[in-house]
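The chains carry the letters A, B, C and D, assigned in the order they are written, with residues numbered from 1 in each.
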Amino acid sequence: MGQQDGQALMELVAGSRSQCHKGKVADYIPMLAKASAETLGIDLHKIGEKNPLEAGDSTTVFTMQSISKVFTLILALMDWGEEVIFEKVGMEPTGDNFNSMVKLELVEPGRPFNPMINAGAIAITSLIKGASPQTKFKRILGFIRTVAGDEKLDYDREIFESEVATADRNRSLGYFLKHNHFLEGNVEAHLQVYFKHCSISVTCRHLARMAMIMANNGLDPDNGKEIIPKRYVQIAKVFMISCGMYNASGEFAIQVGIPAKSGVSGGIMAIVPGKMGISVIGPALSNKGNSVAGVHLLQRLSEKWQLNMF
Amino acid sequence: MGQQDGQALMELVAGSRSQCHKGKVADYIPMLAKASAETLGIDLHKIGEKNPLEAGDSTTVFTMQSISKVFTLILALMDWGEEVIFEKVGMEPTGDNFNSMVKLELVEPGRPFNPMINAGAIAITSLIKGASPQTKFKRILGFIRTVAGDEKLDYDREIFESEVATADRNRSLGYFLKHNHFLEGNVEAHLQVYFKHCSISVTCRHLARMAMIMANNGLDPDNGKEIIPKRYVQIAKVFMISCGMYNASGEFAIQVGIPAKSGVSGGIMAIVPGKMGISVIGPALSNKGNSVAGVHLLQRLSEKWQLNMF
Amino acid sequence: MGQQDGQALMELVAGSRSQCHKGKVADYIPMLAKASAETLGIDLHKIGEKNPLEAGDSTTVFTMQSISKVFTLILALMDWGEEVIFEKVGMEPTGDNFNSMVKLELVEPGRPFNPMINAGAIAITSLIKGASPQTKFKRILGFIRTVAGDEKLDYDREIFESEVATADRNRSLGYFLKHNHFLEGNVEAHLQVYFKHCSISVTCRHLARMAMIMANNGLDPDNGKEIIPKRYVQIAKVFMISCGMYNASGEFAIQVGIPAKSGVSGGIMAIVPGKMGISVIGPALSNKGNSVAGVHLLQRLSEKWQLNMF
Amino acid sequence: MGQQDGQALMELVAGSRSQCHKGKVADYIPMLAKASAETLGIDLHKIGEKNPLEAGDSTTVFTMQSISKVFTLILALMDWGEEVIFEKVGMEPTGDNFNSMVKLELVEPGRPFNPMINAGAIAITSLIKGASPQTKFKRILGFIRTVAGDEKLDYDREIFESEVATADRNRSLGYFLKHNHFLEGNVEAHLQVYFKHCSISVTCRHLARMAMIMANNGLDPDNGKEIIPKRYVQIAKVFMISCGMYNASGEFAIQVGIPAKSGVSGGIMAIVPGKMGISVIGPALSNKGNSVAGVHLLQRLSEKWQLNMF
């Protein structure tokens, strides 16, 4: 990417930063509430380019939160294959609130609609192979390190402990899943693994590289090695389009038009198939749970560079 | 009660026993599944009479299950008064399934509709005063012993342990209540107290005496001592009329017309205000969770002796 | 009733009038919005007494609205008997909003929970015997005139037309019922009958006399003639206790403890079984749809004269 | 397309025909029930090719049903622009049953989730410009004729009248929308327009051409003329991916991976962006409302020719 692109990106960030004040930093745990509402950063990683393009507060460290759901889904698919996984979680998008319990019961009692809602992601986490919770998490962390290309990635202990301490809704989901036989074993142990992978610390650079690998159908462009089977990248992209942005997923698909997944820390990971990976960080969230300035920035970027895949 | 009444009662039991085969013994825990579907017994305790009238399998021992909810509600009211209690649970009847989660969320997020549904009863249990779960349960057991007039009543350890082992739905409810601030402290500890009081072993004679005390507005007719304040008997009777028989409460109120509370063990405790307490045991349940033959028997009894309070 | 009672009643009305400002007059149709928020009146009709006791704005004219549901239910029962009626509507109380559609679908698709919610009342209205909508309404009006003891009662054409003009939610309910086979024939024609009986104009004196007849088990105390079969009075009273006051029915049963039915015009008809009928008018409504000052007044009356039936 | 493709297509159809028996022809109106469960046909229309490729029962005539929703959405967007349209209907996918009413109320009262569910499509139809229902429908028909390239297309009067006669659920939806101000004017008139466009008769050739125009971003490849603005094709494709196949939309996106819309007549219109339009007819439906053999056929086609866009 040339200097011109860099300049354009800086201008886009500057233009979207004014949106930050429209959002609110997540504060259900004190550690997340520390993030600055003013922060806005972006990282673009084109397939085949060594150096990603960055602008704004792109070096901010934040936790993956729901973005990690994409990779536990992929790892679970690699562990078990499609058939087994989709017995435990559905494939249907849902426009409901991201952790509503109502959806769990209305249709098929207890079976989560899809792997992107909390209940689905907890069920998926419970399926990751491993003799112990520690082993399970080690495998998830190892996988995410590989995709991110950084063997030093780790989870943030403080955030993790805060999450565990305020986890009653997820605990409730976990026991409800167990009651309905969509989750087996020790709920608390599964939740520990779940909160650990949600608490993995990254910067935009990591997320953009992860998205770039997916944009490249799972292949590492440096050596052609398959990190993720193409089919599982495909599945993940469908879920990202239909339910990656909580109950603003439809709106994002129409306005931006690329597979993306957001987290309550304010991060968004977006894929431009065949071209690049993009990530943004902007902790000020809309009432739907997505980075306000981040979505604004991605929309303008999509329009300017014609990224919409539809 | 005279011989004539006894004869009439025997005939009523004989006539309703044929209904047993229409129901199904609860089998979500093995210990409950052991009960005989053929069992049907009744006990009538008139205010002021020493000897209750019994017929059928009235000496069968069974656990109180949901019937205990009436007494934890009363004890919680005695501990805190109306105002505090009805901040934590609502007063509105609901026709939904007895442990549905949907109802918890649709109206006021997380606040149970009333103290008779599982969520409400768990919240109520958590409010019972006591420095420890042990003390709380001791107080509940002590209160129930007093109302039943039997200091030897105790809980069934096997049933209790079975309940705890299959409690994931209630666990889910507990954490959901905690998430929404309608329950505080250790969910698992509250559930232990809850399952203990559900597991208190009784016979029809105990339940009929408890109902008789309530029929007498909370006074022990032998010595005129107030066991339950009249106002709290009143409140309990309203809930028994409107939601004491799961989602067949409305039908029962229309067909039988007296305050009653049933449990999945097949017991029903019914109050004929100013006159008597009645209890039945019949483990074969309808799909609504009530004793099929028990309800049949109470309906015929109500018609024969004009017990309908409406 | 003596002078003393009259004095007490006046004081009670004076004391409750201050509650009027806490409510809001229904304004979904302009004609209802004309009612004065300051109005508060009461009428007590003891069984066997010629002259009812009145206080406050007891001569205010208002429309029956949902209070008429009680009498269409009774007339439908008289037309068809219990069995037929309860195939079309359920007997279960519901704490939901008075015209919510959600409840219609969650349990048994399309079957209304009970005859007091709009959907149930519309289905009941459709069952009233009569060769034409005109005949049906004539029969309803005739029946209500008889119970009220006033052959000149009629419906308010202006209110009726306003209701018809703003009836889209009820129209929606009607077609939904028809789709699910809980209503047959011309939806619009049924709705016309429904809105006509909701628009019958009364004063407190009429409602109190109607309640008095029910308090007397359906018999006219003047001549001993049966106006309503006792069994159907019984059924109506159960529904009034469990769902007569919209989704504050449980609270009313606990705080006041007598069968009652309210309407959005601010009227409430209440029954003190074996003793008297009571009616109040107070157009300022709570957010649950009941007269704020009217409920306040009934609660104080119930406490003062020990009217609670539980 | 060459002879080889034709041969391949015939084999695919032959292989999927065995799936027909797993489905059930829609029978809510008698006219639809007449369709043969054994029917299976397909038509492929590549951009720039004169002659589409056909196999099986591709000349079967059937009604567009829900497939017409795509074109009323596009026409409404052309009439009003994005902003106005998305005030009246949402953009969020929903995995619920195709005409459930529950979804209408749970989130934003009365606002349909998206233009593909019945409530949304009815609201969209009401927005089509035109001085009268006749003019509105004339404009819709004219637009569909242009996209299909056949000026003789018309609606099937028998089907239309059947639909109107059994329309109570949609009538209910219509009045509910009106009550909540998401639809204005005469509900019945809007429904007439709605049922007329659902009753437009087509063959696979028409649908494949329509899909081909969309695959070509709205341009007629013969003359380069813009029939649909590219942006509105884009929007339609997003909805087709996320909610074009009722509550099996997520599964279809994962298994087949192309924008598609199905109807209860058994037709499916699918778009392979930049390449071709595809249509199938197979009246035997799954319990989700989609052609069983049609979906099977499209899945095998997608795998064989790598059509998945993800």
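One rule holds in what follows: a residue touches a chain if its C-beta (ideal position, glycine included) is under 8 Å from a C-beta of that chain, and two chains touch if they have at least 3 such contacts.
By chain, with names taken from UniProt: A, B, C, D = Glutaminase.
The structure presented is a predicted model; accordingly, all values stated were derived computationally and were not measured.
Superposition on CA atoms relates subunit C (Glutaminase) and subunit D (Glutaminase) by a rotation of 180 degrees, given as a multiple of 5. When every chain is reduced to the mean of its CA atoms, the largest separation from subunit B (Glutaminase) belongs to D. Separating the CA-averaged centres of subunit A (Glutaminase) and subunit B (Glutaminase) is a span of 48 Å. Centre-to-centre, using mean CA coordinates, subunit A (Glutaminase) is 55 Å away from subunit C (Glutaminase). Subunit A (Glutaminase) and subunit D (Glutaminase), compared by their mean Cα positions, are separated by 32 Å. Of all residues in subunit B (Glutaminase), those that touch two or more other chains are 102, 106.
Contacting chain pairs in the structure are A-B, A-D, B-C, C-D. Contacts from subunit B (Glutaminase) toward subunit C (Glutaminase) in the complex involve residues 90-96, 102, 106-107, 113-114, 234-235, 237-239, 241-243, 247-251, 253-254, 257, 259, 273, 308-310. The part of subunit A (Glutaminase) that touches subunit B (Glutaminase) in the complex is made up of residues 100-102, 104-106, 168-169, 171-176, 178-179, 187.
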